[in-house]
Amino acid sequence: MRPFLALLRRDLGLAFRHGAETLLGAIFFTLALSLFPLGVGASADILARIGAGVIWVLALFAVLLTLERLYQSDYEDGSLELMVLAPVPLELLVFAKCLAHWLTSGLLLVAMSPLLALLMALPAEAYWVLPAALLLGTPTLTLIGSIGAALLVGSRRGSALTALLVLPLYIPVLIFGVSAVDGYLMGLGGGAQMGILGAMLLFAMALAPPATAAALRVALE
Amino acid sequence: MHGYANPLRFQRIADAVLPWVAVALLVLTPIGLYQALVLAPPDYQQGEAARIMYVHVPAAWLATFTYALIAIASVVALVWRHPLAEVAARAAAPVGAAFTAIALVTGSVWGKPMWGTWWVWDARLTSVLILFFLYLGYIALHDAFEDPARGARAASILALVGAVNLPIIKFSVDWWNTLHQPSSILRLDGPTIAPSMLWPLLTMVVVFKLYLVLVLILRMRGQLAQRQIHNLRARGAAGAGV
Amino acid sequence: MTLFEARGLACQRAGRLVFEQLEFALEAGDALLLRGPNGSGKSSLLRLLAGLLRPAAGVLRWQGRPFAAQDPEHRARLHFVGHLDAGKANLTVRENLAFLAGLAGLARLRESALERFDLAELADLPVRYLSAGQKRRLALARLEVAPRPLWLLDEPAVGLDATNRRRLERLIAAHLAAGGLCIVATHGDVSLSGALVLDFGEAVA
């Protein structure tokens, strides 16, 4: 457990010291959202109808934006070698990296989402439904994104390719995330969709660490 | 060790199989097209437009079939490190992407008279579109590194991750929207399609499969030659000293 | 008694054979110097012994038992110092070493790790202010963070001044005297008395 905590503490410390960079995803999230009223008109009923979808799509992009550095800087300075050579399963260290990433990206989006719900004129129920759905969905985005980031370590074609690899795999989270929120807002309930989001999180927790670890080992060969 | 395995055996098998596949393809293609475009009756609802089916359905089948092929080859490449598996997967990817594109375009052309619009966001078209992006990602990742071996290994992992996720994507897209006609060939109670349309369709499926095998062999040969050139150059650079 | 041996090792990279039929047998306290020009396979051998690369052929044995270099058990007995110093630019020297101690499963950092390469004065400085030689000392300090029997060092003295080269040689000598093993790739800037030598001179076919 100690190596796990050491890596978690190191990455959180680094994220804290790179404050502006860490907040970039959250700033993008808000800025991009404010473009929608300018684009589609500020009428409250249009905004409310597309609100859940827009916020989820932007959450996808915001997480995507912060993925590129997840393993690349460790690769460049050599700490990735240390992690691969540490006498603990690499999967465990990958999990620590993902947890640190989520705490400094996804969790921020969760915390900000009620504000965005307000900006998109969503009904009051969205103030708890939206964060709840994002709380279940954003860790999955980090975990799946971790695979894409690891596969591209050392490649010079950065972010556009990350998007091409990762976004198709994000689609299920988007579909059930939006549907859960809309379900509650339309009074139909979204418990089933929340359950599916949770199931996808468990699945990603099982799939992503071994796939990421395999990709990182390939990167160091 | 596979590290020393040379592709001579593949070359021998390929040389033996290739003429047969080519002849079968040359014979069956005109037969299939004649059946599909002339012999088969027009659909009583959809008219002559339904003939697109004879291209659309085999292309869509092979689009998923080829992805499954790539995924299986990737498992072989990652677990047993067989170099030929990576070559096969890389050779199949653009063919699969092309089949997917054909399925999308023919689906769209078919959709125009059926639905009155070129594109509808129904579940199947959307899934196939996502499959197309998975293919593009696979190909792009394969070529994203200077060391071709690195790209091949990374792409193998991606192919597996994609294959594991495909059912989930398919399930979620189906759940999201179903507007397409229900599947009418693969059903437990037997096909609901008339035999006069089924036979041309099956012929066309065989034609497409043969085409896949033919192109796969040709492309694998090309890739192997390319690898040999790469290796010779790497050796040449190493031989030239520091 | 042989502690660590390699039999018939072959390494293939990017389709070319880097070396084959490579053998060595080391007893406790032995050092092995790898010599040869760039690209002759010294780094590849070290990365292979660390488990970062897979051998195309051959066996590794520890105390007579064959093992795969990827085993976590093997990782727990080696230190690898490669070309990269692995210091995080925005963490201090002490934080970097404390992270390494944590990664090795240790509760705290031994102060001797800072003292060995005279890093105590730099302890609270972020690594980005360090010179190349100081960063190298930080990378080498990991040898002192956790005790491990097998040291794999790839050009460890690059960027070091004479004083610190002597320090490194003394550290290796003490490690060997205590029954450790050390495999060093070098251009000749590290001298170890009584070391076995593996020459990669014209190894490339």
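Each chain carries a letter (A, B and C) given by its place in the written order, and its residues are counted from 1.
Everything that follows uses one rule, which is that a contact is a pair of C-beta atoms (placed from the backbone, for glycine too) under 8 Å apart; a residue touches a chain by one contact, two chains touch by 3 or more.
On a predicted model such as this, the values are computed, not experimentally measured, just so you know.
Peer 1: Whose C-alpha centre lies nearest the centre of all protein C-alpha atoms?
Peer 2: Taking the mean of all protein C-alpha atoms as reference, the closest chain is A.
Peer 1: By the contact definition above, name the pair with the higher C-beta contact count: B-C or A-B.
Peer 2: A-B
Peer 1: Could you find the chain whose CA centre sits the greatest distance from that of subunit B?
Peer 2: For subunit B, the chain whose C-alpha mean is farthest off is C.
Peer 1: Between subunit A and subunit C, what distance separates the C-alpha centroids? Give it in angstrom.
Peer 2: Once rounded, the distance between the two centres reads 37 Å.
Peer 1: On a C-alpha centroid basis, what's the spacing between subunit B and subunit C, in Å?
Peer 2: One centre to the other, that is 47 Å.
Peer 1: Return the distance between the CA-based centres of subunit A and subunit B, expressed in whole Å.
Peer 2: From the centre of subunit A to the centre of subunit B is 32 Å.
Peer 1: For subunit B, write out the residues touching at least two other chains, lowest number first.
Peer 2: Each of 149 in subunit B touches at least two other chains.
Peer 1: Show the residues in subunit C shared as contacts by 2 or more other chains, in ascending order.
Peer 2: Touching at least two other chains: none.
Peer 1: Can you tell me which residues of subunit A touch two or more of the remaining chains?
Peer 2: In subunit A, 221 touch at least two other chains.
Peer 1: Could you pull out which subunit A residues touch subunit B in their complex?
Peer 2: Within the complex, subunit A touches subunit B at residues 147, 151-152, 154-157, 161, 164-165, 167-169, 171-172, 175-176, 179, 200, 203, 207, 211, 214-215, 218-219, 221.
Peer 1: Can you list the subunit A residues touching subunit C in their complex?
Peer 2: 2-3, 5-7, 9-10, 13-14, 17-18, 76-79, 81-89, 217, 220-221
Peer 1: Show which residues of subunit B lie in contact with subunit A when the two form their complex.
Peer 2: Listed in rising order, the residues are 78, 130, 133-134, 136-137, 140-141, 144-145, 149-150, 153-154, 157-158, 160-162, 164-165, 168-169, 171-173, 175-176.
Peer 1: What does subunit B use to touch subunit C in their complex?
Peer 2: So the residues of subunit B in touch with subunit C come to 1, 3-4, 147-149, 227, 230-231, 234-235, 238-239, 241-242.
Peer 1: So in the complex, the part of subunit C that touches subunit A is made up of which residues?
Peer 2: Residues of subunit C touching subunit A: 50-54, 72-73, 75-76, 78, 80, 82-91, 95, 98-107, 139, 142.
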